[in-house]
Structures are given as structure tokens and as C-alpha cells.
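Single-structure report; data block below.
Chain naming follows the written order as A, B, C and D, and within any one chain the residues start at number 1.
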Amino acid sequence: MRRADGEMLLLWTLPVLGVIWISAFLVFPGFVHPMSPTLSAEQVAAFYRDPENLPRIRYGMIVFNWFGVGLIPILALIALQIRRMAHRTPIFSYALIACAAGGPTIFLMADLFWLLAAFRPERDPQLTLLLNDFAWVTFSSQVGFLIAQSVILALAIYLDRQERPVFPPWVAHFNLVVAALLMPAAFVGAAMTGPIAWDGLLTFWVRNVAIGVWIAVMGVVLARAIARQRAEGDAVEA
Amino acid sequence: MNSGAEKRLMLVWLALSAITLAQLGIGSVGAQAGLAPAAIAASAIGIALIKVRIIIREFMEVRHAPVLLCRLTDLWVVLTGVMLLGGHLAGTAFPKR
Amino acid sequence: MNDGKRELWIGWWTLVVFYNVYGLLFFVVTRTQPPPEPSLTPAQVVQWFAERRHGLIYGYAFVFIVGGATAIMNATLAYSIRRMSVSRAFAYSYLVIYALATLPGMLIMGVACTVGAMRPDRDPALMSWIYDFAFLSFEGTMGVFLIGSLVWMVAVLLDENGVFPKWFGYLNLCNALTEVVVAPAWIFKNGAFAWNGTIAWWINMGVFVTYTIVFLTLLRRMILREDFGTGALP
Amino acid sequence: MNGRPEAVRFVPGQPDMWAFVLFEGFVFTAYFTAYVFSRARSPGLFLQSQAHLDLRVGVFNTLVLLASSWSVARCVQAAREGGYRAATRNAFLTMSFGFGFLVSKLREWVVAIEHGFTFTADEFSSFYYFLTGIHFLHLLIGFVALAVAVHQLRSPAPHSQEIVETCATYWHTIDFLWVLIFALLYVMR
């Protein structure tokens, strides 16, 4: 009988987290039809003052505040798998752990700006606009840790030279593609309209879909790697 | 304790303390003697650097140290002197409005 | 090429390339360093943003893209501490402290400058607030580097494996002290102690650049010296 | 003789500590230069503000620190000759002098602040609190260094003369930096 180490429990939080994130995403009225950066201060203030929107902004962002950091256990599991790879040093697993806190912390900052804007919607529209800008720019532009996460994972997989590598090589290619898709979002400040703007095709849709697909694919790949690790462990014990 | 070494340390301390006490009067004496402010500044810095060098040579035992360390510490003393005088002259040349 | 050292070399080259790119982005592209005066009037701040609008937006976009590279840099340095004879707690503390440092150390400034540059027609009083937020978050973030350097110092001084020379331990103290010296930047709007001042910026930057060049050189020597052979994985 | 023949040249303590002394020395040279430059740019203001300081207190501080340097030099000398009890006594004596300086400095600050001579009062006061403050921080670290030396001298294991000398070198650095700060803040008029 295997000791209950809780890894499976952590892994199964992922689908639950997925449901919560998608629900919160749909609840926040600024996401379903992403707000345009071209809105004037008065229009942005009106968005927050709208009695239809206000509760949805608050409840959506409160849920994100609760569960924004929910991905960290999954990243920790990936770091553990990197530790099993045929590396000479723990540098890649350290690096992934160093990334793990960055993404959620930045998302948390964006979340705070949205909640602050919604806390007193009667505030001077210029101030609401400022908070809204900070929220959207923080949310959109901060892809650095996600890119680093994917690149580190890809490098770790490429350098995992053993008979049966922990993750198959296509996972590395996949991670590099995701990293490339995340990059345009960093330029969010450059345009108010078009694909780069924060409601644009590249910055909003491609980036967020890429993050979603990455989480789903890595969840499956991670589950397989853990299952194999356990099967091998059982075989050794038998 | 080795009495020669002890005596030397005491003399060094006495000398340093005597210079410090002498510094009590340097500003007023200099001003009364009609010395230029730059000269008073230079003498204050000069005396301080002499004290610093005595501390380094005697208390810190650099006089027994390899030549490189002697040179490096002397370089620091000289450089500090040059920088302080240079800073003073540069500041005098560009007074604040 | 020694296969056993490839991860270390990846880490080292990331450090070298990153520091150069970082210097280029901050000093040349965004022109936010050396820092401008804290005493600018709101109207002058608006003009400051207008003058370097594209540099700020595109420069910080690149900072955001490569910013995550700090993770692999910190991991490499944490590993060097892991090689020392001290507790692993030192390596882990270093890793976490510097992972945290990236945010206030540069990303918040980037976000603030992007927000400022995006809407040049914003109320000048708010632009002035954004300007203060950008520079004070960047320079006024002291604790992470203060404690980080001290953790590193203690690890080097106690280490018996000779991973880094003892004088580097003491140099960490010099670097830690500059984080104390920068504190008046929160108080003064001009003079030597302001965020662009001789003491709070120029001298501190001199110490930091020396410190960085020194630890890059020492890290390279450590990697060259490392002998993994063909034995079991550490 | 004192264990080491006169002719043999040696570095007192770890050479690593000397790297620190020189580096930190250059950093302080830079601070001092910034001070002298600012002072020469507005001599009137500095002279006027300097009236808040009592030269006699500065002299007292300097004498106390010089005495501490003397006693730590005696500590090194005694330890070198195997006189560990005398060495420990001198180390504690150094600590007391250091403590005397600390109390005197704190008192000077409190009195000055009560007279409205605060960190932000004027340019001279900023430099005064900065230079004395950063020196004070070095002094606090110096107590750690002395504690390390005392620990070495009292431990039953073989005593490391090198560590004692390293700690003493650090302590002398506090002393000679103060000698310069004293000249710049109190004596220079």
C-alpha cells in the first residue's frame, strides 16, 4: 500500500480550479466583451457605476482573489517532475519555483486595482480611469513569468536525455509555441485599437486562450507523468 | 605582554589624542591668523589624513604588512586627500545660486 | 564541452546577457536611467513622458518579455549557495527573496511607465503621481536586496567549501549598506539624497555595478572549477 | 619577541577583510567628496548650520574611539603572545569604549533634534545625520565583530589569531573613518 503523499489530491484540484476560473471569467463583465482602451474617463466610470455591472465586477474579482494563486500547487508538481529529469543540478526546478509565485502575484495586483476601482465608483472619473488602466496593463503586459516558465520547462525537457524522458519531447515544442504566443501582449501600451490593444486579438484572445490551453495540456501531461512514476514505484516495490 | 610593543601602542594613542585635542583650536586660530578658508579646510583634512595614516600604519599593523598593502592603503589616503581638495575647489568654482 | 555543466552555463550566460540587455533597455531605450529629477512640476512630468513615449512603451515591453529570465538567474545563484557547507535554508531564502525582488525591483516601474505613456492627455497631477510611483517603487525597494545580500554574506562567510572567497562575503555587506543609504530617496526631492542624487543614486550604482561584475566573474570561476565527473547525480 | 620575527611581513587578519576596508574606504571617500563639494558650494549655510554642533562633543567622541582602537590593538598583541585572558579583557574594554561612543552619539542626536536640528532641517544637517548615521551602523556591526573575537578567545578549541586580527581590523576601520568624519563635520569651518 502506497503512503498517501497528497500529490493526486493536488492534481485533482486542477479541474476544479478550471471550472472556478472560467466561471469567474464569465461573471466579470469586463472580460466577456473586453473593455476597450479607447473609452473615455466618463465611460469607464459609467462602466463601474452601472448597477448591472457593479456586483458582477466585485464578485468576479473576489473569486479571482480567492483562487488566483490556485495554480501554484500544479507548478510545484511540475517542479517535482523536473527534479526527476536527468540533470546534474536542481537549477531548472529552482527556476520554475522562482517563477511560480511571480505570475499569481502580478495577477493579484491587477485584481486589487479592479476591486479598488469598483469600491467607490462615485470617485472622480479620472481616478477610476487610472485604476482601470493599471488593472488592464498589469493584467495584459505581465507575461514574463509565464514565458520564462514555458522556456525553462522546454529547456529542461530538451536536456532530459534518458531512455524514457519524464515528459515527451513534443511537450517542449508545445511550450515554446505557447511562449511565442504570449509575447505580443507585452506591447499592450503601444496601441489603443487593433490586435495589440488590451482588448485586441493578440493581447486578449490569443494570450488568454494560450494560457488556458497550456494549463489543460500540462495538466494532462503531468497526470500521465505522475501515473507512470507511481507505476514504476510500485514495480520496484513488488 | 611584550613591553616594547605595548609602549609603542601607548605612544601612538597619546600622539593621536594630542592631535585631536589640538584640533579644538584650529578653526578659531586659523581664522584669527587670517588664513583663507581653503587653507583652513586643507589643514583640517590634512591633519585628519595624517591621523588616519598613523592608525593604519600602527594600530592596524600595516607597517609590518607586505609592500602591496602599504601601497594600497597609502593610495587610499592620497586619493582621499586629492578628492576632498578637488571637491572643495570644484564646489567653490560652482557656487550654488 | 563538459556535459555536466550545461545547466550552469545556461544560467551564467542568462545572467550576463540579461544584465547587458537590462542596462541597454533602462539606459538607452527607455532613458529612465540615470533617473530624472524628482522635483519636476506636473507639467514637466507630462513633457517627460511625451519625450520618451515610444521608448517607454517598447522598452518596457521587452523588459516584460525577458523579465522572467531572472528566475533562472536566481536559481543559478541559489544553486551556488546550495553547494556551500551551510544549511539549505540559505539557498531557499535567497531564491524566494530574489524571486520576490523582481516585482518591485523593475516590473512595477514598467507598468507605471506604460500607463503613464499610454495616455499623454491624462490629468498632470495624476501623471506626477505615476512618475513618483515608477521611480520610488524602483529605487525605494530596499528590504529584499538588503536581506538578500545579508543572507548571501552569512552563507559565504560560514562556507567551508570555498565556493566563493571570503572577501565576496564582505562585499555583500557593502552592497547591503547601499540599500540603507538609498532610504532618504523617500524623503528628499533634491540634493545628494534624492532618487537621482550623488549619494542615493550615483555612488550606490557604482557599488552595485562593481558587485555585479564581481559575482559574475566569481560564478564563472566556480563553474569552471566544478568537477562533476561521471558519478551519481547530486 | 612577539611570535613573528620583525623581518617577516604579514597581512594582519584575513586579506579578505582588507579588501572590504579598501572598498568601503573608497565608498566613504565618495560620500566625503559629495559632502565637501556641497559645502564649498554654499559655505554660508554650512557654517551657520554647523553652529548646532559642539566641537567639544566631537573631540570627546574621537578620544573615546581612539581609546577603543588602542585597546583592540592591545587585545591583538596579547592574543598573539598567548595571553588570552588579557586579550579578552581588552576586547571587553574595547566594547565599553564603543558603547560609550554609542551613548554619547545618541545623546548628541537627541539634543540636536530637540533643538529642531533634524535630518531634513538643511543641507548640512542632512549630511551630518547621514554620515554619522552610516558610521553608527558600522559601529553596530563592529560589536558583532568584537563578539566574534571574544568567542574565539574564550573557546576551548585552538584560538584563531587570524579571526581576532580580522575583527580588530574591522574595528580600526570604524575608528579611522570617524577621524575623517570628525574633521569634516566638526573641525572644518
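In the analysis below, contacts are C-beta pairs under 8 Å (C-beta built on N, C-alpha and C of every residue); 3 or more make two chains touch, one makes a residue touch a chain.
Note that the coordinates shown come from a computational prediction; the quantities given were computed from them, not determined experimentally.
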item: Distance between the centres, which are taken as Cα means, of chain D and chain A, whole angstrom; value: 52
item: Interchain centroid distance [CA atoms averaged], chain A/chain B, Å; value: 61
item: Centre distance in Å when chain B and chain C are each reduced to the mean of their C-alpha atoms; value: 37
item: Chain A and chain C: spacing of chain centres that average the CA atoms, whole Å; value: 25
item: Chain contact graph, described as a line, ring, star, complete graph or other shape; value: line
item: Pairs of chains in contact (touch as defined earlier), listed by label; value: A-C, B-D, C-D
item: Chain C - residues contacting chain A, complex; value: 3-8, 10-11, 56-58, 60-72, 74-76, 78-79, 82, 95-96, 98-100, 102-103, 107-108, 110-112, 114-115, 117-119, 122-123, 126, 130, 228, 233-234
item: Chain B - residues contacting chain D, complex; value: 1-2, 5-6, 9-10, 12-13, 16-17, 20-21, 23-24, 26-27, 30-31, 37, 40-41, 44-45, 47-49, 51-52, 55-56, 58-62, 64-67, 69, 72-73, 76, 79-80, 83-84, 86-92, 94-96
item: Complex interface listing, chain D residues touching chain C; value: 14-17, 19-20, 23-24, 27, 30-31, 34, 37-38, 119-120, 123, 126-127, 130, 134, 137, 141
item: Contact footprint of chain B on chain D as seen in their complex; value: 1-2, 4, 6, 9-12, 18, 22, 25-26, 29-30, 32-43, 55-56, 59, 62-63, 66-67, 69-70, 72-74, 76-78, 81, 83, 86, 168-169, 172, 175-176, 179-180, 182-184, 187-189
item: List of chain A residues in touch with chain C within their complex; value: 37, 86-92, 94-99, 101-102, 105-106, 109, 126-127, 129-130, 133-134, 137-138, 141-149, 151-152, 155, 159, 183, 186-190, 192
